[in-house]
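Per-chain residue numbering starts at 1, and chain names A, B, C and D are given in the order in which the chains are listed.
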Amino acid sequence: MTSRTRNLSLFMALVALVLFPLFGSSFYVGLVTRIFIVAIFALSLDLLIGYTGLVSFGHAAFFGIGGYALAIAFQDAAVIHIWQALPLSLAAAGLAALVVGWISIRTSGVYFIMITLAMAQMFFYYFFESSRFGGDDGIFLFFKPVLMIGSEDILKLDHENNFYYFALACLVSGYLFLVMILRAPFGKVITAIKANEHRVRALGYSTNGYKLVSFVIAGTLAGLAGFLEGAHTGYVNPSYMSWHESGVCIAIVILGGMGTLYGPIVGAFIIVLLQNFLPELTGHWQLLLGGIVIAVVLFLPRGATSLFPRIIAFFRSKQKIDPKGPTDG
Amino acid sequence: MSENNKGISRRDFVIKGTVATAGLAAASVFVPATFAIGAQAKVKVGILLPYTGTYAKLGTNIRNAMMLRFSEAGNKLGGRAIEFVDIDSEAKPAKAQQLTEKLIKKEHVDFLVGPVHSVVGMAMVKMARGDGPITVIPNAGANQLTGVLCAPNVFRTSFSSYQMGFPGGSAMLEDGHKRVVLMYWNYGFGKQVAAAFKKSFLPGGGTIVEEIPTPFPKVDFQAYLTKLAALKPDAVYTFYAGGGAVKYVKDFAAAGLKKSIKLYGAGFLTEGLGAAQGNAAEGVRTILHYADSLDNPANIHFRSAFKAATGVQADVYAVQGYDAGELILRGMNAVQGDTGARAEMIRAMETSVIDSPRGKLSFSASHNPIHDIYLREVIKGENRVIRVAAKEQDDPATGCTMT
Amino acid sequence: MELSFYLVQLLNAIQYGFLLFLVASGLTLLFGIMGIINLAHGSFYMLGSYLAYWLTGVTGSLWLGILLGLPIALAVGYLVERFAISFLFKLDHLYQVLLTFALILVFNELQQILWGTDVHSVPIPAILSGSFQLTENQSYPVYRLFISAACIALAGAMYWVIQKTRLGMTIRAGASNREMVQALGINVNRLFAFVFSMGVGLAAFAGMLAAPIDSVYPGMGDNVLIISFVVVVIGGTGSIKGAFVGAMLIGLVSTFGKVLLPEMASVVVYALMAIILLWRPQGLFGKVA
Amino acid sequence: MADVILKTDRLSKNFGGLIAVNNVTLAFERGQVHAIIGPNGAGKTTLINLLSGDLLPSDGAILFNGRNITSLPPHKISQMGIGRSYQKTNIFTEFSCFENCWVAAQSRINTSMRFFRAARHLKSVAERTEKALELCGLSQRSDSRASAMSYGEQRQLEIGMMLATEPELLLLDEPLAGMGSDESLQVIELLRRLAVDHTLILIEHDMDAVFSIADRLTVMVNGRVLETGTVEQIRNSQAVQEAYLGVEEDAV
């Protein structure tokens, strides 16, 4: 797939998403909002597993912390200002990622997988068992965040469509942010670390520093997703941080195609829609979901989006109208 | 209820059940969502109960009992046919909001029945309260559901955790146990039950030797039981349910503690678990608003009808589902099926006095049940009533603005 | 609290440790020899418990249940290895995590389809149903001692097999250098299928032994899984000795954590792991990468 | 005294019981090509790994331009101006040839913790990359994927990456390993060119190549320095003849 076809497809998809609330019912607008949130979460993990080569199995911790920061700080507030709540969530998730990352990046391979899992479990159990933060019950929020300048409401998120566009804007910003840092010198270093960390160190880079920064960025972005989820549902609970969520997030990234930025978004659409509609087919829908994931790992390890270029190539070879012939991206 | 006692056969119920379920599947595809009122349009009843996971059996019994009640009434609510939209909640709080949204915004249900899990209940009620559908909670016990979250359109046919714990304290004092250890799963519901227990136990002159909250939903109790043995109390009051309850009762017996420490608990400790607990449960005393052996006509009828319709023995969850069905019937019959007459329907529901299998059931201003609480003991594998522990137990509905 | 209280807790800790060792030893073998991260290990523990419940019900005896159940578990292990795991060797850890994660979903659903969602329990065999008095009011079930004894016997047997037999040599060689095993002219595919079945067998056997003192319920494997991973990682992947020490450490920390730090009972185990990995990133007995 | 760029002082490394490098004291002079030879297992590569920081010494010290660099991590040593190439090709196989050198060249900017501007705007890096590619003779192959290049080209790229970091001292671990004779000649030519304004420490088994370009030779056997001196001195050394060269000549 050339970058031109890719950008064109992405742009068309964006236009479709912008127009969607004009046609979709409130339920579907809410559903797609949720997909945006999950997509941001998956994108953040993709920075780690797809670009830096860090297989984190505890990424849900930062998602949860983003949500909890919002809920803890504002559970009794009558007005939640976005400009207060959002930075708070990002900072909390980023700080947690800094601590977890600082400890974890000393290890590698399976130990890294396990230590990130263990750290996430610590957060999970801390919130699960602490009576201060609602324990297993979680925390409810009764208001949605607003953006105010003076006393003027610029943006009120209690309207489903507003929230939809806000989440979409966050997703697009997150996407563009990642595109930017991956093109920047920083991105060159982390992708090289994924390819061959030892060599990068021999070339004179302190790789741990880059891995840590990547971990913190990913954690902060996951915190953004957690903030949105908390604000959208008005409810946070420890299961946001459970290792199942981390596992599902890995599934989303790989299902969509890791190491690409559109892959996780496609993956989020696939998994959330499956989670939503499979139960209508059968009570044992997790069996189907598990089967689908297994099939992808075995037969399509580069993810669903790796099919796109093949499909395009297929049609091109059928039509044979492209004067330049199929170009390899 | 006894007036329309038609004594349906099992086959009858199964057929109707199938028709209803098939209707559900078809209807969600073909029938456009409408707000139309009239005799022709079906009443939509959304059900959000767990059919998988730890609480699966509870969800299944609640649904089947409610369907039984509807089928006894000819599968009509105020003259209108019923359409069910049945969703598996998986008892996962994180999905509760999404699934409730599906029922309210996508399916536009008239009634919402569910859930089992308290936290799912909170997420659900938070969305439904106010202008959402009339909601009937057939199990979740969190105090907040008819406390701070109470709303005119939200009813509960089960219990609040206060009602579960509070009568326990006085019952144990009455049995002569003054030095008691509290052990419970350390999560919202467990903590609320323990707190309510102390509200009657401490003022009555009892002493809490120690509180041992154990991590939910973990079931390795050995270390805690050793601690319990070393504390040497007269008795222990517990809250555990499902797999935890089975394990606790068995470990307690295996540690030889039955000889020196009397085991009490909120009713779920032994409810419906006889087969799994076996001998270990003999002599365990629990406090609940229901007992299999209650000797009233409603219970005798209900138990045989439920057994006939589903093939399994009824339990407290089935009773709560059956009463949920009854409550919806009362409301719809009062307005002849006109779901638009909301205020009138709510009035009819909140003033209902139901002749439930559990005994007399009425509702408080916060729409929480008022009912008798029984002290029961496991004798020969059955939960038998020892005495009424609290007559017409009410709930303080802390934080509710409707009282 | 008196001394006897701590002694009883020590007994509890050791007994818990033994059971953990049984599950974790299978896991560490799979990782050490095959390089496989098997998240579905807990599902095999659950499988063992359900097989024990089902077959004990059918045959009326736990012993017969275990005797019939073990071959079934081994067969399931073999099939899973052939049809899923064997494709993973060439792939990254990431894919192993994902595939075995999906296997958990599948196994949990299959369990519900086969055995429903009720909570079950398995009776303790009559011959071991007694108990003896520990303190003035607490007694200790003989069956718990039996589990410990069985675990010790099994640990001894494993030690013997791994240190003294030809098979053990192959396994040790495989754990330290996978290419070398191939060079020795051993059919790696067969060895791996065998080792995976054994790992599954160990987990299932632990589930069977524990069934009478645990209750048998849906999703029970998940609780065991994560804690066994902690054991493996603390001990160092691939090291049976490490798994043993790790299991004992976790047994002690989690038992005394519950008593001494009840608020943080679940957190301390993970904190211990984090501290150990900070000190030794490869685990207590792991090889330096 | 000659201008010493790198010095080791009683440097040792043991792995468990095995002493791979034993009490090695050597001085490398600026501007020279200093080859280390010796039979397999003599500890040559271990010595290079100690110098580059890939391994931590068990004992002894390393001084670079008079500064103690013992136990510094590899990236710090690289930043001080010591570049190295590996015996086994160690490149980013999924990257293009250009990107491989780019990552190397980018390591010389102040910091790569830059997030906002695209990397391609960094002029200095682009220049260094082009220069390194040209030096190692791969300008024509700039856009090829590294994994698609021939083995010889990959070896050249290995050196190119090192050059892109603009080191003062080059540690070359068997740059000719596995090459055909034509490719070898090219690389030897490249090494000669580099020798003009770099200091080279070279491990090589190809004796003809070594004798043709080295100024000084060190012979290692069993982790110890057997002899060190000019090419002539080594050629004529009795000890070397017995312990090493004799054997080597038989083998050749």
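Some points to look at:
The rule is simple: a contact is a pair of C-beta atoms (placed from the backbone, for glycine too) under 8 Å apart; a residue touches a chain by one contact, two chains touch by 3 or more.
Note that this is a predicted model, so its numbers are computed, not measured.
Closest chain to the protein centre (all Cα atoms averaged), using per-chain Cα means: A.
Across the two interfaces under comparison, A-B and B-C, the one joined by more C-beta contacts turns out to be B-C. In this assembly, the C-alpha centroid of subunit B lies 76 Å from the C-alpha centroid of subunit D.
One inter-chain figure worth recording: subunit B and subunit C are separated by 37 Å, centre to centre, where each centre is the mean of the chain's CA atoms. Averaging C-alpha coordinates per chain places the centre of subunit A 33 Å away from that of subunit C. The set of subunit D residues touching two or more other chains is empty. Residues of subunit A found to touch two or more other chains are 125, 128-129, 284, 286. Looking at subunit B, one finds that residues 52, 215 touch two or more other chains. Pairs of chains meeting the touch criterion are A-B, A-C, A-D, B-C.
Those residues of subunit A that touch subunit D in the complex are listed here as 180-181, 183-189, 192, 195-196, 198-207, 209-210, 213.
The touching residues of subunit B, when paired with subunit A in their complex, are 28, 51-52, 87-88, 92-94, 96-98, 101-102, 105-106, 118-119, 122-123, 126, 142, 186-188, 191, 215-216. Considering their complex, residues 31, 37, 39, 84, 87, 91-95, 97-99, 101-106, 108-110, 112-113, 226, 229-230, 232-233, 237, 263-267, 270-271, 273-274, 277-278, 281-283, 289 of subunit C touch subunit A.
Against subunit A, the residues of subunit D that register as touching in their complex are 52, 54, 73-76, 78-79, 84, 86, 90-95, 99, 102-104, 106-109, 112-120, 122, 161, 165. The residues of subunit A lying in touch with subunit B in their complex are 25-28, 30-31, 34, 125, 128-129, 131, 134-138, 140, 142, 233-235, 237, 239-240, 276, 279-280, 283-284, 286.
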